[in-house]
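Both complexes shown next keep chain A, but they swap its partner, so chain B is in the first and chain C is in the second.
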Partner chain A sequence: MRLQHRHPLPPPLRHSTMAPSPLAPEITLCPLPQSDGSCQYTCPTSRTTILTSVNGPLEVRPKDELPNHATIEVIVKPGIGVAGVRETRLSTLIHSTLQSLVLTTHHPRTLIQIVAQIVQAEDHTSLPLLLTPLLNCTILSLLIAGIPMRTVGWSVHLAVVQSVKGVKGVEGQIFRLEKDGGDEMETEESEEVVVRNPNSATLSSAKSSHTLTFSKEGEILLIESLECSQGGGGESADGQGWDIGDFLKLAEEGKRICCEEGMEVIREALADRKVF
Partner chain B sequence: MATLTRQPSSGESQPPPLTFSTSLFRQISPALYLQRHLLHSPPTRPNGRSPSQCRDFTLTTNSLSHAHGSAVVRAGDTAVVCGIRGEILTVAPGDDPSQFESYNSSPTSATHACGTRGAGGASWGGLVIPNVELSTGCSKKYPLGPPGGLAQTLSDQLHELINVTKPVSLASLRIYDGDSNLSSTTKIKGYWCLYIDVLCISLDGNILDAAWYAIVAALKSTNLPFASWNQTEERIFCDGARYHPISLRRSFPFTTTFALIPIPNSPENSAGEAAILINDPDSYEEDEACEILTILSTTDMGTIQGGPSQPPLAGSRTRVEKIEKRGGWKIGISQIEICTQLAASKAARYTQYLMKEQLTPM
Partner chain C sequence: MSLDSLEIILPGDPLPQLSPLLSQDPSQTQDTKPRSLRLGPGLTLSPSTPSTPILPYRYGTLNLTTHTKRSTASIVSTPRHYHPSPNDPVLVTLLRSTAEQFIVQLTPYTPPAIIPFENYIINNAGTTASARKSRPNLPIGATIYARVSVVHKHLESVELSVPGPEYGEVISQKNTSSTSSSQKKKETPSTAVSSGTTGAASIANRAEVTPYILTTSQPMTKLLLAEDTLGKPLLSAVAGKVPFEMIVGKNGRVWIDATTQKEVVKVVRCFKEFDEAEAWNDEDGGLVRGREIVGKVCGK
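Right after this comes the complex of A and B.
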């Protein structure tokens, strides 16, 4: 899989150099000293900020006790108002992802509690904008808390935009996927481009949004891909959607970002801690 | 695990193993029971279906007389009723009508965007609002009380599906001042707001597919009364005798759900398969599944009209509008591709049923 970057990426991502990559998230570890593990994560481009705290293994309520597994509880607290249906959905998605990452058999009949607070977001109701920061932040705080995990995962949010015009992004944020049919000219403005971790404005002009989560080994942990173009519906919506071949290419690219760049971010963030 | 082996042991010195009746085995060790079935050759599920086979379903439309459109869908032991009721939303003089006419428009606060009928419901949730209720006693697992995690997740998923698929032309829901001169936006006096209520009567797995199919069928059968603004009374009046269908998409996408059943390494597992993917899981299988994959896709209408009894050809155009995969880590990219093809053939079957149902006189 070869890529044609509009702006070439700096060759390998090295966070140890003085200038941090514009795509690297801002991570603060252990901002909450009382919890077993906590993390604050800010998405570099959409500025979504999440604060998570992990406590566990704790004593579990008898109702939730599982005889040979630890119970994982995920609570998502919204930035505005009280938790509603959207927050419940977010926590179910995070819960099902963590269920396959955390080695729950190591602490049977206990509780691992994860509380995620949305601190800042452009759009508090948008599931795709919130899911990636929530997942990444949760995984980092689980590592800090020393919860035994099978492997680690990383999540990336990709938006497919019809035209590169009007999309502002930092270096390396916008790229295009190689098409099967020969070389496309760089000058063609109508070609679809992919924007990494888009912000709310970019997402509203996007055709489709893909939240992809991969483990270190390249296994697919979570896919949440949806058509998100605007429109009045009815017959104008006929023929929307994407071809499965395009999605598979996008998934390959997402896998590369998660497995290489994501893991590098985790390694850098936890460099001085003996958790690996 | 050895005590659960059903075959008689060969060694004479060992005590005879415990034996159970099939129904007891099913109850006490569901995981093993399911694995034994799937490792059988050919693989057969406890309910008699092959892994890629979905349940037969029945569809009845317009069975509720008080709703503007309704559908009852039954797939196996999952039964869902969907009713659609149009309510009139009056546009205040200062309102900008364009805010109502887009799916995916961003509402202002979290509580208003949930698709439930909270305060402000219609004006913030859009013009097409789904709600799901899992009725008391539909399943043993979901007790009485306020909507639990499943009902809330499902409600949000359906709201998302409506935003993704944009089934109804929102511009066709306008109510104008007078019958003539339909072009001016200043003459918009109100909107039809479609409340979609889904009630699950019986739940035996894969509620999302059944609920979405019921919604699509109900939308197709919806007839709204002609409504117009009465200038003398300054109110919107409906004509009780004349009804019109609503303007919808021509090609509807349908969801198809798959579940992945993990198979541990064991001597019986000679093929060395790690997991088996099954189509349209029932609740017994859902409990054991580690991974759920949902694909929302459309098939080209041309293929269906060409040959109603044939599955869609490999070259037919399938557009995917949503993929959701959660839990687990065993589904690979190649399996998603296979599932998309299965989903396309199921969507084609759904469409055929829907067309057949529309042809029968009410």
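Right after this comes the complex of A and C.
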């Protein structure tokens, strides 16, 4: 199931070994030699660095044991301070996303333990900035660890910014949503733009922020949308700070990024590893 | 099993390569023999997959064997840990024995496995160890070469079997020289050719030799098992210097024996350093680095 391009979008990214795309994340596989699968992931634009380790299937504590399924445990360790509500929230989001990806029936009465450490972040308090790197890094570690999975997913963080002015980004990071009327609106300065994997400064001027996770087949696994306090929020019909039409277009673009570019990133990362 | 530039398969990828093997349409195929496909590790049946009902659940490369009677498909990947699958040869350690079974350690990170006595065949006539008389009296800590017979996710433990006299307790030649000389060993052809000294001469001065059990990583184990392809550069390099015998268990244990203790240590060091350097990940399959290590350990 491939998404057809109906909009004149920027050309799809070509990842080559010679010149890595500015939007491709930096991925190091297996930095931790003692864990079953580990990965370090650096977001290309916000420079958020996450280190995850996956161990499993392990022996499970009797109170967590499920007779027909493996228990998935996600522990998010903060970059600064001790884990609190924010980390619990992040781990719940990751857990619910992975629950639909991992084939838990393959290893009943076992534990699949995922530990994610935030190594570096611009803003350690911002959930949307951390969620996408955490999810992508976790999925790569699960692949390395050989945990049975139904399919793979990829996450992208999109922020809607009121105006293109003042937003700095690398090539291909900023794009416009196609309006129904045609192309004539595109030149207007006031039109809102979508920034992919925004950094902290961009997010602070954003109207809304959307973390979307799609599986390889295009199923939606996670939607985490936030109305941001800055920008012109609250003007839409649903009162949530964004227009539902815009959101659907945004979701379609997110799906394209996840299903095509995300999968390309995963395949490139894994292609370097030798299998026996 | 070829390694060159095979496409990486991600979990959930459609496998159109398998469709011709599954087609039931008689007009497409000339032969009328029933088609069956055995699914190896990494593949599972899933009715919801769009193109084929076969779903890969791990990443790796597709390994398809069609020249045998029953074609087999599996996903080749190297997880860090050993997951038992039926018919794997393994080297296990005896922990204790009960009235019906031996309780053995397959891997240190899983609950113990069992060898029921009725699965323990002690001679060519098919006598099992179930009778008290025929039960082998094995000391605790004995190394047993066995096969995985039953792996079921809902069962407590993995069941192993000893399908014949070529399996069973692994005894070094030192012990067998005085009692029986039954060779319960899987000799690699490369080493068998190179070992010039055989027979009574080599056994006579083996009094102080203790075989070594080396724990290896999963890629290294696969390399040592594939003695004619992947492991050939390393094995022939080592065997060219030191004649040795080895038994490789898929659970990452390698039993190494040689004529003198010094040689056992040399072989062990070669394998260990090769594994620790992750030389199997090299472009040339560890050919150059394997030779370097062997040259360093065994001398020029």
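Everything below uses one rule, namely that the second predicted complex is superposed on the first by the 244 of 276 C-alpha atoms of A that agree within 3 Å, B and C clash if a C-alpha of one lies under 4 Å from a C-alpha of the other, contacts with A are read in each partner's own complex, and residues count from 1 in each chain.
What we mean here is this: contacts are C-beta pairs under 8 Å (C-beta built on N, C-alpha and C of every residue); 3 or more make two chains touch, one makes a residue touch a chain.
Quick caveat, the model's predicted, so the values are computed rather than measured.
Peer 1: Sticking to the clash and touch definitions up top, decide whether chain B and chain C on chain A clash or fit.
Peer 2: Aligned through their shared chain, the two binders fit side by side on chain A.
Peer 1: Applying the touch criterion given at the start, work out whether A:P148 contacts chain B, chain C, both or neither, answering first, second, both or neither.
Peer 2: second
Peer 1: Output check: A:P62 vs chain B and chain C. Expected answer is one of first, second, both, neither. What do you get?
Peer 2: neither
Peer 1: Report for A:G37: first if it touches chain B alone, second if chain C alone, otherwise both or neither.
Peer 2: So A:G37 only meets chain C here.
Peer 1: Between the C-alpha centres of chain B and chain C, what angle is found at the C-alpha centre of chain A, to the nearest 10 degrees?
Peer 2: 120
Peer 1: Of chain B and chain C, which one touches more residues of chain A?
Peer 2: Comparing touch counts on chain A for chain B and chain C gives B.
Peer 1: Using the superposition on chain A described above, determine whether A:R267 touches chain B (first), chain C (second), both, or neither.
Peer 2: second
Peer 1: A:S215 in the overlay: touching chain B, chain C, both, or neither? Say first, second, both or neither.
Peer 2: After superposition on chain A, A:S215 lies in contact with both partners, chain B and chain C.
Peer 1: One more residue to check, A:T97. First (chain B), second (chain C), both or neither?
Peer 2: Touch partner of A:T97: chain B, not chain C.
Peer 1: Chain B to chain C: minimum CA distance in the overlay, Å?
Peer 2: Superposed on chain A, the two chains' closest C-alpha atoms are separated by 10 Å.
Peer 1: Of all the chain A residues, which ones make contact with chain B and with chain C?
Peer 2: 215
Peer 1: Which part of chain A faces chain C closely enough to touch in the complex?
Peer 2: Listed in rising order, the residues are 1, 35-37, 58-59, 103, 106-108, 143, 145-146, 148-152, 215-217, 263, 266-267, 270-271, 274-276.
Peer 1: List the residues on chain C that touch chain A in their complex, please.
Peer 2: It comes out as residues 3, 8, 10-13, 44, 46, 50, 55, 57-61, 76-81, 83, 109, 111, 153-154, 218-219, 222-223, 230, 280-281.
Peer 1: In the complex, go through chain A and note every residue touching chain B.
Peer 2: 78-82, 84-89, 92-93, 96-97, 99-100, 123-127, 200, 204, 215, 219-244, 247-248, 251-252
Peer 1: Could you list, by residue number, the parts of chain B that touch chain A in their complex?
Peer 2: That would be residues 101-107, 109-111, 113-116, 149, 152-153, 155-157, 159-160, 163-172, 247-251, 253, 290-292, 297-298, 318-333, 336-337, 340 of chain B.
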